[in-house]
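Each structure below appears as structure tokens.
Here chain A shows up in two complexes: once beside chain B, once beside chain C.
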Partner chain A sequence: MNRVKEKPSVVIRNWLKKNWVGYIFVCPAVLGFLIFTLWPMLASFVYSFFDYDMILPMQNFGLQNYIRAFTIDWDKFSKSLSVTFLYTVTAVPLDLVVSFALALLLNKSVKGIKVFRVLYYLPCIMPSIASGLLWRNFFDIEYGLANSMLAALGLPAGTFFTSSKTAMVTLLFTSLFGMGGSMILWIAQLKSIPTELYEAASIDGASVFRRLFQITIPLVTPMIFYKLVLGIIGALQAYSGAFIILQGGPGPDESLMFWGLRIYYSAFGQDIPNMGYASALAWMLFLVIGLLTVVIFKTNKWTFYGEDAQ
Partner chain B sequence: MIRQISESSDKAATGNHRMKTRKRIALSVTYFFMCLFALFFIFPFLYMVLTSFMTEKEVTTLPVRLFPTSFYLGAYKASLSPQLFRYLLNTIIVLAVNLVAVPLTSVFCAYGFTKVQFQGRNLIFAVLLSTMMLPAAVTQIPLYIMYVGLGWLNTLLPLTVPAVFGGGIVNIFLCKQYMRGLPNAMNEAARIDGANHFQIFINLIVPLCMPVVVLILVNTFLSCWNDFMGPLIFLRSEKVWTLAVGIYMQFKGDYNVNNYPNIQMATSTLLSIPGIILFFIFQNQLMEGVVMGSVKG
Partner chain C sequence: MKRIIALIAAGVMAAVLLCAAGCNRGSAQQDIDVNLPTTYEADITFGVMDDPREVEVANYYISAFNKVYPKIHITVERMTTNIASLYATNTLQDVVHTGSVTSLARRGVFQSLSPYMEASGFDTSLYYDSMIKIGQYNGEQYMLPRDYNKIAVVYNTDLFDAAKVAYPEDDWTWDEFVQTCADLKAGLTAAGYTDVYAVDAMMVWEPVYYAVGVGFGGEWFDTDGTALFENLEDGLTELQQLYQKGYAVNPITKTQNIFLFGKAAMWILSRPSVYNCASMPDLNFDFAAFPELPTATTGAGCTGYAINNRSSDKNAAWAFIEFIMSEDGMEAFSQTGAAVPSMISLAEDPEATWTEYPDPFLNHQAFVLYPGRDFVPPYADYYDDAYSTDINNTLLNLLDNVIQLKYGGPDDDYATLEELITGKAAEINRIQEG
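For the complex of A and B:
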């Protein structure tokens, strides 16, 4: 009887006694989350319903920022949408396929293989400022090495980052050099496939392609899924690579005006910041990312999680 | 009978020989492609370093070449300006705080999430982990407004204070992955001997976590050294610029006397050196870390 009707203070004291050590240990991370993530998140949500320029206090509560994106700013906003989605649907598969192919090439136990892996990974540790300056110089249409090389081969000069037709392709080309990071992940995944499977398959006379499509690829589907989710999340918010190469510019005809860059411009890129509109754009981006992630998880019937899961 | 055996072994020998030649050809083809792609991947470095040794005249004479005609160091002399040392000093301040705070707090928090039982542990961790999905743009704007309100704009505080709070969920996750591999029996033995969690943490766990601490140190160094968008937004005045922002601003705009490709590439080469050195020392840990931070969870 007594146990059931313990005083609340005793219940709290017992609860604290049991848990306080854990809370002390995780307290920095939880405080960090509250101050630097949750609070800004909520604040940004609130800003998105107001006009706010950081000079006058917030005013005019309403949906005007969201409406603006689809009415007077629709031309600009839809441009950003198409640039961002074009980049996502090209960069993500490109990364998946190329880095996987590289991993297949380097997943061998031959002499010097480690040196090759290091060389392939090297561009990933280059500071983004250094690689930005590098590509800016390399693809400079006048004094860039790229056009001098094309001329030496007798080919016409390229327009690279100076034409809306070629800017995105050029950006995707520069992204190829970052494939080493994904490649390392693939190699680790490939190594976890038991070699007996391949031995059995080659005794049965399965060709290289059959082994690839019926053993390797099904067994790496968890990694494909992981890379797909993170790749899409990353690609939808990407803009800093192009930002550095183009030194803050949106590219010719806004051909590299990513969603993230549009947010940056609205908040930090003009004399009078429009924090309400920028927050609304940021929240819409967040919603799209969240929705896509849910859809990918819900429609995931193709991932193979080992025998136990079946 | 004997003849039969020798015949079949002969056949096997020629078959073996054929197999060997085939394997050798396959191996050569593999090496050929591996070298081809290796050339592709080191090309940016090659281009950067070679251009940094060119003269102003060489980089502005058409056609532009890949190899310099002489070993010219003028571009390095020009890039080592007094401003660069000021940017370096600011970067070192940011690094110093982060390199101490990030490993310390992330190991501390990871211990709580791995080895201490308390109510809501998994839920809290899941919530923290889910913030990885949140676009930086959502939090950047209110943080900027908050820093303006606190008077932190144009100081190094926005780049240092957050490090004290857990050091980022990615690092906590890395530590947690590592700590899961440490046997619980040891902890329990220490508890029976009367040690509390804080003593266990300091005396047992921290020394054992050194491999993952090294990984976090290197990652933290690289991310602070390369960080660009954050500093660009929070540091609007030249005296607080870090290397990444300072160099970006220095070379913004069209080519001029102080802004030729050779000087840009010399500065970029200098900027890349610390990362490359660290990478070559810690390449195994770093590459394992890339894997550890992903799917093993």
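For the complex of A and C:
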């Protein structure tokens, strides 16, 4: 049967008439994305090719900001790269393993387990400013509680955030206290594993470790994948924890000068913003995150989405 | 369909109104008038640093100013980001409290005050010349100083008594200061105060390390911004020894103001920090002038007020700044006790109102003695302000390495102090090559 071809204006009118309520509802989110995310992104992309201080007009179009990071600024930029990647390759696995182990422990049907879950989750509801100040005072090498505790145990005093050799380890230690959020996700995933599988394995005489490696871990691979992707993205963008604890400083010998902190310093850390260079650094970070995310997705053959998953 | 069009139209109107609301601070041409009638009506904004005490100071000014100009309404706003960003987003206030001038004046953010000063016969000789100069760029005045800040020493009288050490005198030298530190360390240890330092010397604070470097014959930057770092070994070694001998707390690793909590017998400070001392109920203290260095330099600086170049009513803004700089305005500022007024007659008057805070019997003259020694570090005007953070971080890194003796060891990048200093100078010069 031949259909009568309608005018485009009529098609659009009918389409809008049918879906207008939906468009009204998504309008705030779409407008928010366009105005507060896409537009600044595009603007920063343009800035990255100019010398731009936000006051005088943009000038000197070219790749100078990108080149600068690998030439004149290489000493400092490479330091930020190494700090950021070191943090990523340690913080992401640490978070995965420790929060998973914590979730396994707190997934038991033991009386009072909910109290422990709440206790482990509590640090997550503390504002980052408050916890940053708390850690700063805790690790004060002169008068902080950490060294008082070590002294009480007869151990030598720690240098914590005051030495380039210990600053990163100390920061990683503080990050452990934010694992309650990850733990909740793991527990939700663990609860979704059918108990029949464990019962069958037990009848077959499978040990605890065998059940862990043959049942639990394969069935939580979607969560591992999810946390891996978000963890890497978050770790590469990290800087706020160190920023608060060190009161905006980069740490001894710039040992905590994250890539994100360098962007912040270039853009807002001085009287005159160097917005062109900051934008170039931000776009390079975006590119690295994008590439790593693509690599993770492309190599994702190990995630188990169920027998019927396509 | 009509409903959708109405909704879209309403949205567009709202967006236009929002944009229009954000554009109310556009530049306007206005003839200079420095003799506004007292009935003049205006609404201007006053940007102060993000500190509740600054709001308090602003309200003192406004209250006094409105007695003369009751119809100039001034709204105080705390500046929560840097001036450049506020200017770029058209949200910079008409009158701005600032500590930096050159980089912003160079970019046209501030209105030159020189024509207003000329028209009104403003007398700069009433103020400290070193402070007036801070507000100048390219021969024009862009900021007028409201305060006169030089570093001095505050000391805890209880700890001095416990250590049985004599209180410092204003005419003490650097060597006597170091000797006092040694006496305090010995005396405090003997008295059982084993976790108390002799001094929080603020060694990574610009007015201290720049002044000490120059005071011992060194030079930091050339006028074209080139890092020279010549003859700095003596000055930096003096700072190093304060830490290495256990007199001073490590300035980089400390996480709190240890003087306020009775963990240091002395603290190098400027006048605004007296507020912090006065807020500690059990702290007994007094002041002494900063010790005399071999070439007699004492770090000094100021903050002051400028006019946004895009202000729509610069005449009203000038009237406010002129009032702030008048004797009445300076007296209003003096009453806050927040800092030393930049007007010489008030600053050097031993009975001026500012000397009553927090206690008139303290040695407030420590903050104004020896103006000939004032050293205002000019370096931020010399080097490329687009890289000031990197330069400052490199300077901090230099000081950290010097103070903690991070050279000469098998894992260190530099074999000697001289090499370290030269290496950091080269690093700063490389930063500026871009």
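Some points to look at:
Basically, the second predicted complex is superposed on the first by the 296 of 310 C-alpha atoms of A that agree within 3 Å, B and C clash if a C-alpha of one lies under 4 Å from a C-alpha of the other, contacts with A are read in each partner's own complex, and residues count from 1 in each chain.
The rule is simple: contacts are C-beta pairs under 8 Å (C-beta built on N, C-alpha and C of every residue); 3 or more make two chains touch, one makes a residue touch a chain.
Small disclaimer: the values here were computed from a predicted structure and weren't measured.
Per the definitions stated earlier, placing chain B and chain C onto a shared chain A by superposition produces a clash between them. Once chain A of one complex is fitted onto chain A of the other, the partner contacts of A:R211 are absent, as it touches neither chain B nor chain C.
Once the two complexes are laid over each other on the shared chain, residue contacts for A:G290 go to chain B alone; chain C is not touched. Of the two partner chains, chain B is the only one touched by A:A188; chain C is not.
Set side by side, chain B and chain C differ in how many residues of chain A they touch, and the one touching more is B. In the superposed pair of complexes, A:D271 makes contact with chain C only, with no contact to chain B.
In the superposition on chain A, contact of A:K17 is made with chain C only, not with chain B.
Contacts of A:M54 after superposition: both chain B and chain C are touched. In the superposed model, A:E254 lies in contact with chain C only, and not with chain B.
Residue contacts after overlaying the shared chain place A:S131 against chain B, while chain C stays out of touching range.
Once the two complexes are laid over each other on the shared chain, residue contacts for A:G144 go to chain B and to chain C alike.
Once the two complexes are overlaid on chain A, the chain A residues touched by chain B in the first and by chain C in the second are 24, 54, 137, 140, 142-144, 268.
Taken together, the chain A residues at the contact with chain C in this complex read 13, 16-17, 20, 24, 53-56, 64, 68, 72-73, 75-76, 136-137, 139-144, 161-162, 249-250, 252-254, 257, 265-266, 268-274, 277.
Chain B meets chain A in the complex at residues 27, 30-31, 33-34, 37-38, 40-42, 44-45, 47-48, 51, 59-60, 62-66, 105, 108-109, 111-113, 116-119, 121, 124, 127-128, 131, 133-146, 148, 162, 164-166, 169, 172, 196-197, 201, 222, 225-226, 228-229, 233, 243-244, 247-248, 251-253, 255, 261, 264-265, 267-269, 271-272, 275-276, 279-280, 283, 287, 290-291, 294-295.
By the touch rule above, chain A contacts chain B in their complex via residues 15, 18-19, 21-26, 28-33, 35-37, 39-41, 43-44, 47, 54, 102, 105-106, 108, 110, 116-123, 125-135, 137-138, 140, 142-145, 148, 151-152, 177, 180-181, 184-185, 188-189, 222-223, 226, 233, 236-237, 240, 243-244, 247-248, 260, 263-264, 267-268, 275, 278-279, 281-283, 285-286, 289-290, 293.
The residues of chain C lying in touch with chain A in their complex are 1, 3-4, 7, 81-85, 87-88, 100, 103-104, 107-109, 195, 249-250, 252-256, 258, 263, 385-390, 393, 396-397, 400, 427, 430-431, 433-434.
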